[in-house]
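Here subunit A shows up in two complexes: once beside subunit B, once beside subunit C.
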Partner chain A sequence: MHIAEGFLPPVHAAAWTAAAAPFVVHGVASLTRAVRADPDAKLLLGASGAFCFVLSALKIPSVTGSCSHPTGVGLGAVLFRPPVMAALGTITLLFQALLLAHGGLTTLGANVFSMAVVGPWVGYAAYRAVRALTARMSESASLGAGVFAAAFAASLSTYTVTSLQLALAFPDAAGGVGGAFVKFASIFSITQVPLSVIEGLVTVVIVRLLTTVGRDQLLRLGVLRGSGPAQPATSGEAV
Partner chain B sequence: MSTETEGRARPRAWATWALVAVAAALAALPLLIGAGSHLEEPFAGADGQAEETIQEIAPSYEPWFSPLYEAPSGEIESGLFALQAAVGAGIIGYALGVLRTRRRAGPAPEPADPGGGDGRAPAADS
Partner chain C sequence: MLTIDAEAYRSPWRTVHPAVKGVLFGGLLVCALVLPAWPGAALAGAVALAFGLGPARVPPRRLLRTAAAPLAFIATGAVALLVTVGGPEAPVAWDPQGAGRAAEIVGRASAALTCQLLFAFTTPLAEVLPRLTRIGLPPALVEVVALIYRMLFVALDTARRIGSAQAGRLGYANRRNQVRSLGALGAALFVRSYDRAARLQRGLECRGYTGALTVLVDQAPLRAAPVAAAAVPAVLVAAVTLSRGVWT
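On to the complex of A and B.
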């Protein structure tokens, strides 16, 4: 989903940067607030950012015969809500733009908008929807389904937004923006379907591990629903 | 993994391993069925394909900015990618290790009550 350096016309590059900037600023503020409110959360915040770092470094082959990479933004969106991922995702994209020549500074705004803004929000929406729909299932099944949906939707929507961004910048001579979108989406989105499934599964695995070792943290974040062994659900904040 | 029967909803280890296996199989499948073998450049990056499509649609478009730093060879680039993954994996491993140790040490000085239900903790304080 990295739009390469210089591959968006200046006006588009500026517009996407302007669109992404407020989300990133808000994201950094949410990040600092989350750390201040609960210094213990640093551990999982770090893990969420690191997960994004790992997954976006992995190029995975797809049935379309091309390779692409997952985004890893679904986990943090579920654990800490989407704004935090706007900050963490931007760090990842900046690293890749500066050191790996993947993406770029002029296209950073567009890439941030797809991977660190739209992806996490769509993923979070999918998570909430699935959690509501599966509320009657066992907590572990419901959480697994919700997390899978979040990661899958975040990954796929990221690439769909990238396709749209490119289509807007480079409308097809014959088919216009729609025609170009089909072309770009057939490269990005279709390749991404199996990768999104993989990303969903891997994210579920991480959350299962976290549930095993960090149950209290997940309860405190409200990711795991309470009703644990005799814990009254009073949300008293003692610091 | 320990199989304590404490409370409910402790994920089963075998199911976790099964998920890992399915993910690995999905990643390996395209290679096994030779999904890329009909292509000139099998398993090329989608990012690069998009660049080609841009040049098809707008042949006159010239990228107006180039990366500040470009790895001088594929080796160095793959090294940096490995570094990215290694740093991330290290942090995740550290976090899991710390959490596990804390859990083993027992319910020690946990300051805050778990906010049950939909209430999320990091909201109050500023």
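On to the complex of A and C.
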């Protein structure tokens, strides 16, 4: 759910850009370090960014009968970790604004904050929590539950933060920011809640298939536990 | 190719320096956001459209089709402003100020969206990306951005081909199949993207790759006169809007 160009007042657009900036700068620094340390990582980062863009451009069926797009940030956070996703997500959102007209340039900061910062961190936290809780289950079941939680939580938190951003910009005359949040969240929940569930299911199918056809990549990214316990990859290792 | 990028390559303004188009449409976008919505945003949108549909020859139907999704978001968001919740009389009530507020936001956002789209419809992204180093972005980051840009078209084409093949095998016949097919598409895309990156790496190494991906960029000279001329429409829109405020 991208906030369209010009929808936010300039002060709010600037404030959300400032809020997202430290995360993006940290992500860009991680990415730059990874490229300097290993020039080969540049091409894998390019492939990862292109994958994130295409993932978010896929059309998935919505309950309302129409089609909508997944955020893809949950899967991205599990595969590449949230700091790298802050940088890759910002690049993806910039391309979406200029190539697909999804989102805008002045609202890029607000969209980055919800989709490239909050979404990946919430999704990754959900993934780690579920993986820890299901540590005694089989690897396949634990991974499936973890990635579903990641995709669902990331998508839902993205939509919640977007509703909050709109509520702060346009508080309700009677209910204030709280009332406005209820209004925006109610309107967008018609498509976004079912979409989060469907995105979670699609993500589970993706990761299940990857455990057979892309096992090496998942081991390298630290997603599969392999023979030992999962080691969280650093930003550089993540790509 | 994506519609916007394809139109940008066809645009007669493709050869114009991106900074000139940035000042023209960026200036009008700022007018749409900061000036009073009436007549500021309306004027900014109208002037941008006049340039876009006139000398820049942007196809109006494609522009409208591309704008449909963000306009739907703007309309949906504006609907929320028409009602108020949690009031003393009723939990949900009609807001008498809502229609005016919604109209202002729709006008402002539509004008700003028009300016952004017209810049995108006249400027291929490939000509903007190499120039990003001049505004202080790290070269390593700019190279990754340029790589993503190059790879995403191949990835999009791959996704389209896989999707067509799946549809031919009734992969999207019902909701269950849709979820399974989309999952398979995502997995195949991930594996192929990494495989392609590895093959590209090997190919580059065979050609003496040192870590720098240098590309030729049209060295269109940036002159002060066209940049100043591009700022004139925004200045005129601001002057007309502000003078109207003074005289009324």
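Assume the second predicted complex is superposed on the first by the 191 of 239 C-alpha atoms of A that agree within 3 Å, B and C clash if a C-alpha of one lies under 4 Å from a C-alpha of the other, contacts with A are read in each partner's own complex, and residues count from 1 in each chain.
Just so we're on the same page, a contact is a pair of C-beta atoms (placed from the backbone, for glycine too) under 8 Å apart; a residue touches a chain by one contact, two chains touch by 3 or more.
Quantities reported herein were computed from a predicted structural model and do not represent experimental measurements.
**Student:** Tell me which partner A:57 touches in the superposition: subunit B (first), subunit C (second), both or neither.
**Tutor:** Both: A:57 reaches subunit B and subunit C.
**Student:** Answer with first, second, both or neither: which of subunit B and subunit C does A:152 touch in the superposed model?
**Tutor:** After superposition on chain A, A:152 lies in contact with neither partner.
**Student:** Give one of first, second, both or neither to describe whether A:113 is in contact with subunit B, with subunit C, with both, or with none.
**Tutor:** In the superposed model, A:113 contacts neither subunit B nor subunit C.
**Student:** Thinking of the overlay built on chain A, is A:37 touched by subunit B (first), by subunit C (second), by both, or by neither?
**Tutor:** first
**Student:** Which partner does A:140 contact after superposing on A: first (subunit B), second (subunit C), both, neither?
**Tutor:** first
**Student:** For A:91, is the partner it touches subunit B (first), subunit C (second), both, or none of the two (neither)?
**Tutor:** In the superposition, A:91 touches subunit C alone.
**Student:** Who wins on subunit A residues touched, subunit B or subunit C?
**Tutor:** The larger set of subunit A residues in touch belongs to B.
**Student:** With both complexes overlaid on chain A, does A:182 touch subunit B (first), subunit C (second), both or neither?
**Tutor:** Only subunit C; A:182 stays clear of subunit B.
**Student:** Return first, second, both or neither, reflecting whether A:16 touches subunit B, subunit C, both chains, or no partner chain.
**Tutor:** The answer is neither, since A:16 touches no partner chain.
**Student:** With the two complexes superposed on chain A, say which partner A:28 touches: subunit B (first), subunit C (second), both, or neither.
**Tutor:** second
**Student:** Under the contact definition given at the top, report the residues of subunit A touching subunit B in one complex and subunit C in the other.
**Tutor:** 1-7, 9-10, 36, 40, 43-44, 46-47, 49-51, 53-55, 57-58, 60-61, 95, 97-102, 104-106, 166, 170, 172-173, 180, 183-184, 187-188, 198, 201-202, 204-206, 208-210, 213-214, 217
**Student:** Taking the touch rule as given, give the residues of subunit A at its contact with subunit C in the complex, in rising order.
**Tutor:** Residues 1-7, 9-10, 28, 31-32, 35-36, 39-40, 42-51, 53-55, 57-58, 60-61, 75, 87-88, 91-92, 94-95, 97-106, 166, 170, 172-175, 178-180, 182-184, 187-188, 198, 201-210, 213-214, 217 of subunit A touch subunit C in their complex.
**Student:** Going by the contact rule at the top, pick out the subunit C residues touching subunit A in the complex.
**Tutor:** 2, 4-5, 29, 32-34, 66-67, 69-71, 73-74, 76-77, 79-81, 83-88, 93, 95, 97-98, 101, 105, 108-113, 115-117, 120, 125, 138, 140-141, 143-145, 147-152, 154-156, 159, 175, 178-180, 182-191, 193-194, 196-198, 200-201, 204, 211, 213
**Student:** Taking the complex as given, what residues does subunit A use to touch subunit B?
**Tutor:** Touching subunit B from subunit A are residues 1-7, 9-10, 33-34, 36-38, 40-41, 43-44, 46-47, 49-68, 80-81, 95-102, 104-106, 138-140, 143, 162, 166, 170-173, 180, 183-184, 187-188, 191-192, 194, 197-198, 201-202, 204-206, 208-217, 219-222, 224-229, 231-239.
**Student:** In the complex, go through subunit B and note every residue touching subunit A.
**Tutor:** 1, 6-11, 15-16, 19-20, 22-23, 26-27, 29-31, 33, 35-39, 42-47, 49-51, 53-54, 57-58, 61, 63-71, 77, 80-82, 84-85, 87-92, 94-96, 98-100, 103, 107, 110-126
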